[in-house]
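You will see two complexes here that share chain A, one where it goes with chain B and one where it goes with chain C.
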Partner chain A sequence: MKSQSRKFLRPVMRESLISWCLFPGTIILLLFTLLPFAWMLCISFFTRPDFFNGADSHFTFSNYWDVLSSDSLHFLDFVKNSLIISGLSALLSSLIAALAAYAVSRLHFRGRIVIPLAILAMSMFPQISIVGYLYQSFSSLGWINTYAALVLPYIALTVPLALWITLSYFMQIPLDLDKAALVDGAGRLKTLFKIILPIAAPGIFSGFLLVFIQCFNEFLFAILLTIDYHAQTLPVGIALFEGTHGEIPWGNLMAASTMASIPLILLALLFQRFIVSGLAGGAVKG
Partner chain B sequence: MLDSHQSQLSENKIRSIKRYNSNDLVTAILFLSPVILFVSILIVFPVIGTGITSLYRDVSYLPKSFLGLDNYKALIFSPDFRASLVFTLIFTLFAVACETVLGLLFALLLNEEFRGRNVLRVVILIPWAIPTIVSAKVWKLIFEYSYGILNVIICGLGLSDEKINWLGTGVTSFWALLLAEVWKTTPFMILILLAGLQAIPRDLTMQARMDGAKPIRRLFTITLPLLRPVLLIALIFRTVDTLRIFDLVFVLTGGGPGGSTKTLSLLGYEFFGNDRFGMGSAISMITFLIALAITLLYLKVGGFAKQLGVKQ
Partner chain C sequence: MNDAYSIELQGISKSYTRSGTTVEVLKKIDLTVMAGEFFVLLGPSGCGKSTLLNLCAGLDVPSEGKILLGEKRIVDIEAGICLQPYERDAAMVFQSYALYPHMTVAENLAFPLRNRKPKLTKHEIETAVKQTAEMLQIHTLLDRKPAELSGGQRQRVAIGRALVRKPKIFLLDEPLSNLDAQLRHEMRAQLKTLQEKLGITTIYVTHDQTEAMTLANRLAVLNQGQVQQLGTPSEVYKNPVNPFVAQFIGSPPMNLLKCNYSDSKKSLLLPDANQEIILQDTDLDQISKLLIPEADSFLLGVRPEDLIIVDASNARLKVELSVIENLGSEWLGYTYIGSKTLIVRSSRELKKGNICLSFASENMHLFPSIT
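Right after this comes the complex of A and B.
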């Protein structure tokens, strides 16, 4: 009898096990993700990080002002370097990936299947097994502490991901579409830029965003291949951020951290759809 | 992975493209050459170069000389290296296990329909988007001994009589690193597994539910087996990524206290920093080989090759 009633009732209501888990699960997830972030924001607005101990600490904007106005911190230099390096890498990586994705999805040649797989396999190499050799090569070329020393490796590191995402979009575009253009006498490049790219724009864009964020956050290459604020990126700047008096200036540091994170968080929240589809496309569809 | 696309391009379609493409090969070479150039010059070459350097005594203050496998032998007998290897492997095991379990639980949660689900899906992107260095600094402040919020909470709740020196001992540093790593990377797991869950047809689970299968049973008999390919890819990505962990450890513990949390990447970085490229390269090659071995192991255990065969 019991199983009979279950059969009729359960499909209508949510099962009790699931509904019991739903509320606490949501709260735990929310707290888990937001608390550290909230703490960073909170400390960035206080003069001392131990205000809850009854220390003389009060609300202030001065941390932000200190970081932005200090000449010795070079915060704005780091921001500039990061934006240029990540932007340039993401742009070139997307472009190169689009060319390759066109070839793989549209052209008939031997090794069509092997090439994207081989390129994807390249992203499996640990960065540490690349960076030492690059450090030696770039040293002898005199490239250490230049934008090129980061942009070039970043393109190579991110192009597998960009190719994979772009390819999954190109594959969904009907072949007849660009075939018509080819028959009309348009060249391959023209077909790619005038027909395929506009249709696959969301895919290219999600690839661009993911690559940009990846480059913006990269640390190992950035710390080994740069020396000072002429080429150091934000993560390096923040990692090496130290106070002048020995004690860590947590307020300033959290203000700098907040300013470094806000652009990325905004990108992630605004273009959530593209990022999720890019991440998921890489794993699920790919 | 690519086979589904390949099957979309059915035979006759491929044949019909062929007619327009007398000089496809030339175009393909032109279009693919930038990717191949970048990847070979900046990834393949350096990896081979690292492999070669690892066979040499390559330090700045002595002439370069061939050593064969001596660097590797020296590493195997070095307690520092062995400690680093063990730490890296155990940390990877714990981190990936925690991420996978939490990621799966939260993905299942977000796969249910409830109010606020879309907000939650957006919010979980925050840890993912924050630069690792920034999150490492924030966690460092949270774990801080005298005024870190974690100690304040723990003492406030009466869980511990005295403050815990989180970053002061090897064991607590391990847990601190684990918490920070899991916080940063679980969102990736959630998003990927969620996408995998959404690809599972609703009818299947509904049908099982009508037949009286309870949620736990449905999870193990229907959802998880169907999720396996996605789970496998997520596991490979996360394991390879955690094995080479560098930035979080660099900032949060700096490899300390007393070298107890020094990962392989950190050890390699220190050798490079001291201009000892031969040894650094040997460590890098070992890291690479471990990552490769684990990937192959996953593929074998996950029956990935078999699956590819079935589909084609």
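Right after this comes the complex of A and C.
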């Protein structure tokens, strides 16, 4: 194969072909992913969504103003719900994951290898398969439309992700450090909190970020287990926007979507390093 | 320091069971490390030396046996005693240094002191850290993180962290292996001086026989979980008790040749070389001292530096040198006898070709042949 391709294209030509394709390829890929966002931005800044052929469409901030000021849309409630639910889930999930990762990487017990794999396998279950049961049990508990109704399933949903990201960090921390701390007179708990957790902090944090993003975007549980703005999150809130006459308020919808994207974009920009290293599964040292 | 502690290991065994098979790492080890002694555990990798050190530190629990620190039983498996690491007052230096990467040098040094019970005051901790840092000449590095230090500096910090609390025993697990050759030399000498000054009972684990020879007051050669020989470096060097010790100590290692003893001709037959060594009376004394009466096949050991070049009339062995190495201060000549390499070490220049060799009776070592 190799010799054939060499005959077909000399290395120099291959190099130049790659560099010629790279640039347009990147542009096409960027357009493909970013065009919907550009579209979203444009619509959010015009009075009518069909601004290309409508003569009476013009540039405006009114969509944003409407979304933020209208009491009936409850946009700020959704923002609050989303931040609290995602933040709380991410916090608890990464805490559980950190303790689990410590146990799996440090302690010798039966099922040390099997448990993380089983947790990973469980994360493969489709969400839809448990949502019916969740709805029933939460409604009998009276938890529908509360934060707990989303935080608890979100923790269960995201612990596998957080565990595997954190675990790959914990595995990189040499066992000699634990031994040194033990000899230096620290007990197991002190070793965990003073030595291991601070060193694993970047890993735990990247787990936290990815879980936060996953919870922030989650839709299925959010739409089925909540009823109104007391617990609805941003994706659900925006999806259920309604105009005063039952029409779809495109401008408001897109303005709200744009604002909903901002926290995630900020997170991604600020903590790029952690997110990439978390996704690379600890292959890159933090 | 005047209050040093001895360490006594009595019948220490350790075995692991992994997936149904039991592996015996240590087999009935009896050892006494005297108070204030620099004791070296020497052996190839996998011989159980690090496990033994972990057992002393309390990082692992033996399967059976007792360990006494001074008069105090710190481990007695039969009586169900096994003190936690922090109850033993042992300090340990690791091959990887194991410095806490998120703490500064000062915090690293202070960490063992902060865990002390009863609690030390802030002032006491600061003074101890400062003193130790000055002793090891790391006082200018106190605000740095381990990642900003060179290998040698990290090593000093690791030693400092161990010594800052004035431990009863000082355990070192191959502490110099990660340093480059020159630095290792330097640190070796400093470590020895430091230990002599402080007089802390020290157990040092290494696979490097040079380190063992230069550092130890006494050493134990370990192989396959058993103590092969115990003694001062020169005892072990001069009178190795078995072929393993003979080959493990000394660089280049001792030459070992298979030979048969002929009682009638009073000679040693080297089947691989097709040569005969006529024995002198002094040799026979040596043989009668060492030889198991019935055995007629055994190993003849001579250290490379004990082989002397002589003229043909005094030759005990005739060989052809095929490879010559010039080490600057000395020369090494290699020859092959059967599948075995024979090394000659000389302070004078060696040349390829046939030479005649001899050795003194007292430099001749005989071991039962292991076939």
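FYI, the second predicted complex is superposed on the first by the 265 of 286 C-alpha atoms of A that agree within 3 Å, B and C clash if a C-alpha of one lies under 4 Å from a C-alpha of the other, contacts with A are read in each partner's own complex, and residues count from 1 in each chain.
Convention: a contact is a pair of C-beta atoms (placed from the backbone, for glycine too) under 8 Å apart; a residue touches a chain by one contact, two chains touch by 3 or more.
These numbers come from a predicted model, not from an experiment.
Of the two partner chains placed around the shared chain by superposition, chain C is the only one that A:K190 touches, whereas chain B remains out of contact.
When both complexes are overlaid on chain A, the residue A:T26 reaches chain B alone and has no touch with chain C. In the superposition on chain A, contact of A:A180 is made with chain C only, not with chain B.
Of the two partner chains placed by the overlay, only chain B lies in contact with A:P116; chain C stays clear of it. Of the two partner chains placed around the shared chain by superposition, chain C is the only one that A:I199 touches, whereas chain B remains out of contact. In the superposed three-chain model, the partner touching more residues of chain A is B, compared with the other of chain B and chain C. Shared contact residues on chain A (touching chain B in one structure, chain C in the other): 179, 182-183. Residues 3, 6-7, 10-11, 14-15, 17-18, 21-22, 25-26, 29-30, 32-34, 36-37, 39-40, 43, 49-50, 52-53, 96-97, 99-100, 102-109, 113, 115-117, 119-120, 122, 124-137, 152-153, 155-157, 159-160, 163, 167-168, 171, 175, 179, 182-183, 188, 213, 216-217, 219-220, 223-224, 234-236, 238-239, 241, 250, 253-254, 257, 260-261, 264-265, 267-269, 272, 275-276, 279-280, 283-286 of chain A are the ones that touch chain B when the two sit in their complex.
For chain C in complex with chain A, the residues that touch the partner chain are 54, 57-59, 85-86, 90-92, 94-96, 98, 100-102, 111-112, 115-116, 161, 165. If you check the complex, the residues on chain B that touch chain A are 1-2, 4-6, 8-9, 13-14, 16-18, 20-21, 24-25, 27-28, 31-32, 34-36, 38-39, 41-47, 49-50, 53, 105-106, 109, 112, 114, 116, 120-139, 141-142, 144, 146-147, 149, 152, 183, 187-188, 191-192, 194-196, 199, 206, 209-212, 214-216, 230, 233-234, 237, 240, 243-244, 246-247, 250-251, 264-265, 268-269, 272-273, 277, 280-281, 283-285, 287-288, 291-292, 295. Those residues of chain A lying in contact with chain C across their complex are 174, 176-177, 179-187, 190, 194-195, 198-199.
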